[in-house]
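Several structures are given next for inspection.
In what follows, chain A forms one complex with chain B and a second complex with chain C.
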Partner chain A sequence: MHDILLRVLDYTNTVFLFYFVAANIVYTILMILSLYTVSLHAIWARHKPYKDLADSPVTPPVALIVPAHNEENAIVQTVLSLLDLNYPEKEILVVDDGSTDSTVERLIEKFQLRPLDLIYRESLKTGRPKAIYHNPEWPQLFVLSVKHGGKPHALNSGINMARSPYFCTVDADCIIESDALLRLMAPVTQSTEETVVSGGIVRIANGCTIKEGRITKLDLPKTWIELCQTVEYIRTFLFGRPGWSALNATFITSGAFCLLHKESVIKAGGFSRDTVTEDIDMIASLRHYMAAHKRKYRIQFTTDPICWTEAPRTVKMLARQRRRWQLGLTQTILKNQNMMFNPKYGLTGLLSMPFHAYLEALGCVVEALGTVLIPVSYVVGGMPLSMFLVFMFLAIGYGTLLSMGSVVLEEITLRRYPKLKHVMILMAYAVLENIGYRQMVTIFRAQGVLQYFAGRKHWETVHHKGLEVAGAHGN
Partner chain B sequence: MGISLLRNRAILGGILLLTLLGCWEFWWKPQYRPYYQSGQAQYLREDYAKALSSLKTAYAIEPNASELVTLLGWTHFKLRQPEKARYYFQRALKIEPGNEEAYLGMAALELNRGGKAETAGLERIMRKRPGDPDVMSLLAAAYVQDGKNSLGANLYRLLLADKNYRQNASEALEELFGLQGFSDPIPSSFAPLTRAENTRVPFRATENSMWRQESGNWQKYYVAGVNFGPGTPGFFGSDPPVDGKVYSTYLQQTWQMNANVMRVYTLLPPSFYRAFKDATEAGS
Partner chain C sequence: MLYIEDLIVIVRWLALIVAIIDLVLVAYILLRRIARDRYYARKDAAHERFSVVVRQFGSGVSEMSHTVIALSKACTPAETAAVQELLIGSMTVENRERISDLLFQLGYVQTWAIQAFGRSRGKELMALITSGQPYAPAPKSWKQNFRKISRLRAFAVKRALPVAYFGHLAPRFAERLLAEALQDPSPYVTRPAVAALGKTLSPVAVPILLEQLRRASKGQSDIPVRAAKAALVRHSSGNLSEFLPFLESREERLRLLVVDTIREMLTSKPLLVADVPVELYDWFINHAVHDTSADVRARSAAVISRFHDRKSIDTLRALLCDEDEYVRLHSVRACADPFYSVMVEDLVGCMIDRRWRVREAAAKSLAAVGSAGARSLADFFLTTNDRYASEQIADELQRSGLIFQLVSMLGTSDLEADQAAAVCRKMAGMGMISLFSYLLQRDMPTPARNELTKILEACSAAQPESAGQQAPPPDDPTKNRTAPFLGTAVAPATTAAGD
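Let's look at the complex of A and B:
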């Protein structure tokens, strides 16, 4: 009996070891690629190419689409900050997704909007909005009021209304740095290929002082859970995604701040309601469309357009957020399974897709089981001490190294936290994040995957990040 | 949902990956068994150094096979490396708490360094493997250490029939009966204990003197004594010599220097009492 248990543990340990080694090899490769691209980009960005872009008459216009559902606290400030963005030609489309609070009323009051019967071309099937508001004194701003249909529906309505060739999705509770849109557009204009998506970085605004939709004083949050998330965001956005972008195999961009080519999105069918993370699904749909029509294209991720967002402040909210992301990732992967191991999709199919499927989506179940079973197997004698320590080293030591490396990279290139004190705190949390926090998040994520297999397909579909933090703004 | 999931490349890929890992774990990766078997053969040929190197190779491949870990323990035991042997026996017991060989190994280690081993556990193994000379000898030693000399002697007597243990058993019996150095045959049992019918008081201490009773009269008795303990030159105090000749010589020399009393502050090996008996019988 004990012998059989040990056999089983031997097998699970082999799986865990494989998982850890594979994950860390991929992380290391991504880290090297990221170091290369991020520092190259930093050198390039030092020459301030954005002024040309801002002055040029041919810089493509961009529609900023802001889906909003019950955002009365944040919406006016968000719109003000978007109107303030340094960009030559832009339109701002706020899509009110059937809010039950006074989101629309606040906007009408602030900008003196009135309902207008404007042309609405239904390129994507959405149904006509309930009302369109506009004020010629604010020619850039349009407000659409649609029936409550979820974030993908709101985004599709915004796309139908947009006149610009590019659009940028912006979450209603995000604060975008004033140069960020220019920086996001730069890769599109620089590229020799058609760039259909350009994604930016998301940072955590907790702890910062916010006035009139601008960050006036940068500071770190105070609680451990927010600090751990700060380090985690720095790590994933600086060490993961630039690496995939360098391989032209981006699988995830954050819908909180992401520039997309409108025609391609419409051709690809727009945002879909199949998953709870429509942003990831959109990338996959675009890849399907582009591959089917044999078009050359790029999906670009850049590290200096920064968008600040509120992160969950309690463990309960964090758990909900992570379960939802994981559920969405699993849905997206299983929905777009024909990309897997398919050379038609290049490195996305051969590398990025399996990585996200087995190391990110399903891997977190392995990691969660490993967190529990490896100590168990050591206790029942299934694993000698040396092997146990190697596992612990891989699980904790290497993670710490990556986190600390990403904080260093942040300080070298972006320097959003210039004070020495901030760097010291971030370094300390780069270590602490790997002890406790990461294990906790892994368990939340594993729950998300299990929820998928338990048949939970739609779960709080419309609730996106910031909405989970009640009253976080305007302070 | 069930059928469509099975057609899903992502799921299929995952299942394939897990199967491949299973194949690797159970078939493809180097297996420890050949090394274990050659180590076992070398151990049985009593080539312990070679056995150790084969077993170490096997252990590096598979650290969780309890029979392998136990054999490593025994090899170290035979090479007189008790600390390493203890590590492997303990590990084997951790992997498989009911491992008899490892339990015997732990008992042997304890008995070897003069400690006690739990007789109940050994008895249980004895019942499972009746007549096994290895278990029998360990249990006998454990009985003796526990003070159950007659039980131990019975087992040793049975072991006299075994060709590997004959020598050991007869030495142990001679020690138990205090016969070493004397040419008596080993008796078939311990002499029955009988108590004298009347208590007799041959000595007393009173009026600042020692007195001895001789044919009913008390007479003063001058004590010229020797304090006699187990701490013999060349031996540890806990491990006194068992050869009766040593004690006979000491007693004779004590006698010759006109000492008339011998004080013993602890129990000495049976051969001492045997020698004492001989000496007093010869002296009086």
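Let's look at the complex of A and C:
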């Protein structure tokens, strides 16, 4: 019996070893590509090409669509930050997705909104909103109150109401930097190909102080879980996505802050309710549509338009968030599996999809099993110390290098953290997050994959406490 | 042969290497922070030290020779960066020539040119500028064999940075440098060169940019159409004669882009009709309306509307009757100007257009042409039986805030109080009572409240069969405020059908 167990462990350990080696090789290639892209973009951005867009009549108008479900703590600050955006022509459409708290009331009170009976035309099937609120004194702002139908439904309602050729999805708990929309639009105006999506990066705002929709004091969060997420976000957005963007093979952009071409989205069928990560699904739908119509296009990811968001503050909420993301990724990949290894989709089909399927979606199950089985294997004598250390190095040691590298890249390019103390803390957590935090997140992600195979279709709600607002309540 | 026992040694070494790299990265950050702090401290000091000199030179108080001596003392990278920033920041239309000359004499222009074009070519261009000779492209050399490598972003980005500075210089310096930048194989250099050509505001740049636009329209260039347009739009309408040959092009797309550029130029700046060349005026008044491309006709409307004369009225009238939806749409939008209040009747006619975009634009334009337009909008609203036109007008009354003025007139002795009441009555009859119900729950003058109450009561009495259709779902946040009348309203007509 013991021999059989050892034999099984031997085989599984070989699988784990191949997985870890392959994953680290791919991550290293992505890291090099990202380093190249991000550094050059940082140099290129020195002459601030986006500044010309601010006063150019040629800059396309943008509708900012904010789906909100029970966001009473954050919504006013978010809207204030959007009103304050430096952009020549914008409309702000807050879509209240059947909130049961006072999300709408807060907005009505702050902006003196009145219910109006405005025309609502359905380019995408959504049904008429329950109410539309507007105040001519804030001509850019409209609030739509719709029956609870989920984020995709809210986004589609916003698209129906939008008049601009581009729209930008913004999460209701996000603070957008003043020039971020201009920076997000810059790749669209500078490209000879049609740019249907332009994604920006998301940072953690926990610990920062906010006033009138602006971050007035940039600080790091206090708890380990939030600090680990801060490093994790930096790593994900600076070491990974820019690499795929350089290959024009972006498969994931964060729906928290993403610019999309309205007509293309409508023709691609709008946001779908088939998955719980409508943002990833939208990218896949657009790729399908563009490939089917043989249109030349780009899906761009840029590292300097920054959106600040609130991260989960407890392990329970973090677990829910990560399970949801993983469930959505798995749903999207399996829904669009015909893209896999399909040259019709270019490098997205040949490289990006297999990477996201095998390393990002299903890989976490292997990684989670490895996290549990490798120590067990060592303890029961199924693995020599030397092999155990190899695994530890691959799982932890190399990870610290990636995380440290991303913090350094942040410091060289974006430099959002003003104090040396901040950077040192981040570097410390770049090491520490690899011991415990990453393994924990891997297990949550694996649970997400299992949820998919167990037939789960809906997401778990993540509750936010709300960001720290300077002065009274900020509302 | 690698034995498993050896792995422990390898892992130990690997872990050590990772730890060392991590420590090196920490040290790098520390040193970089210290270096940056020093750099910015020096730059701030230089800003303070040289700002008076630059200000005096910019305002014409101090001489070139004195300023050159004073600013030559800036020699560290932080100091030169500060001086460059100060000089570029203090440029105005009046002193641009002098400050450009100063930048040239201080050697900054040469440094940028060398950075962008290489040492020998940079110096050649400097010689051309000094001698006042026209620009001549570089003769063929072995370096051109490496154009594909030069296209790579890694090599191009550093060449692109100084190109952005050229746009700030006076045309005498900028023209030759930017002409050279446009020859660069990389789009990372040519794109900022096009943007910089826009900033020079030199008439010489206009034909170059138009040529870039032509090439972009055919997909023969790395310059996006939008970038070429944005650069052209910066130029003044005094250069419009350069556009004529392109308006007569046989390519529809090029004509469209040129007309659209003129439109953007004229809408972003005040236009002096005297600036418009006769031929160009003639093209828009007599030819644009018959252009084979509907897009060209559509975009021409906005240009024509800027002429503000009798002929423009006649031409716009003709365009309002165009068979193409987008021509009518743009023509209606072009009339959103008090000068075209004489066209109110024509705009009212567009309220029953079969396309909703045209109806929407007509309502907006009527609201924008002034009181005559607003009155006609209200009159038409009261007399029309067209459902879609009524919905569109009601939408505009609410969006523009006109409805609040109308409500405030209710029950007063205002001459238009009756008309205001009639408008409110019709809106209530169409089921558009959300705002009225809301207002009744708020503070409002008693006469207006009484009148509004009367209107809503009359409306609910007239249509009892529709009761309940407008009732909001139980979780509607407005339900408490709208309760008195919601139960008796007709179904809202706000999801407009019609295309």
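Everything below uses one rule, namely that the second predicted complex is superposed on the first by the 459 of 475 C-alpha atoms of A that agree within 3 Å, B and C clash if a C-alpha of one lies under 4 Å from a C-alpha of the other, contacts with A are read in each partner's own complex, and residues count from 1 in each chain.
Here, a contact is a pair of C-beta atoms (placed from the backbone, for glycine too) under 8 Å apart; a residue touches a chain by one contact, two chains touch by 3 or more.
Every value quoted in this text rests on a predicted model; they were computed, and no experiment measured them.
**Q** Does the superposition put A:I435 against chain B (first), chain C (second), both, or neither?
**A** neither
**Q** May I ask you to decide whether A:A292 touches chain B, chain C, both, or neither, giving the answer as first, second, both or neither?
**A** Touch partners of A:A292: none, neither chain B nor chain C.
**Q** Go through the superposed model and pick first if A:I32 touches only chain B, second if only chain C, both, or neither.
**A** So A:I32 meets neither chain B nor chain C here.
**Q** In the overlay, answer first, second, both or neither for which of chain B and chain C A:M387 touches.
**A** Both partners.
**Q** For A:R114, decide between first (touching chain B), second (touching chain C), both and neither.
**A** In the superposed model, A:R114 contacts chain C only, not chain B.
**Q** Is A:S191 touching the first partner chain B, the second partner chain C, both, or neither of them?
**A** In the superposition, A:S191 touches chain C alone.
**Q** By the touch definition at the top of the document, which applies to A:V372: first (chain B), second (chain C), both, or neither?
**A** It touches nothing on chain B or chain C.
**Q** Do chain B and chain C land on any of the same chain A residues, and which?
**A** Common interface on chain A, chain B vs chain C: 384, 387.
**Q** Over in the complex, which chain B residues touch chain A? Could you list them?
**A** For this pair, the touching residues of chain B are 1, 5, 8-11, 13-14, 17-18, 21-22, 24-26, 63-64, 66, 91, 94-98.
**Q** Show which residues of chain A lie in contact with chain B when the two form their complex.
**A** Those residues of chain A that touch chain B are 2-3, 6, 10-11, 14-15, 18, 333-334, 337-338, 340-341, 353-354, 357-358, 362, 380-384, 387, 455.
**Q** In their complex, what parts of chain A are in touch with chain C?
**A** Those residues of chain A that touch chain C are 36, 40, 43-44, 46-47, 49, 52, 56-59, 98, 100, 102, 104-105, 108, 114-122, 128, 130-131, 134, 136-137, 145, 147, 189-192, 384-387, 389-390, 392-393, 397-398, 400-401, 404-405, 407-408, 411-412, 420, 423-424, 427, 431.
**Q** Can you name the residues of chain C that touch chain A in the complex?
**A** Spelled out, the residues of chain C in touch with chain A are 4-8, 10-12, 14-15, 18, 21-22, 25-26, 28-30, 32-33, 153-154, 157-158, 160-161, 164-165, 187-188, 191-192, 195, 216, 219, 221-224, 226-227, 229-230, 233, 264, 267-268, 356, 360, 391-392, 394-395, 398-401, 404, 427, 431-435, 437-439, 472-473, 475-478, 482, 492, 494-496.
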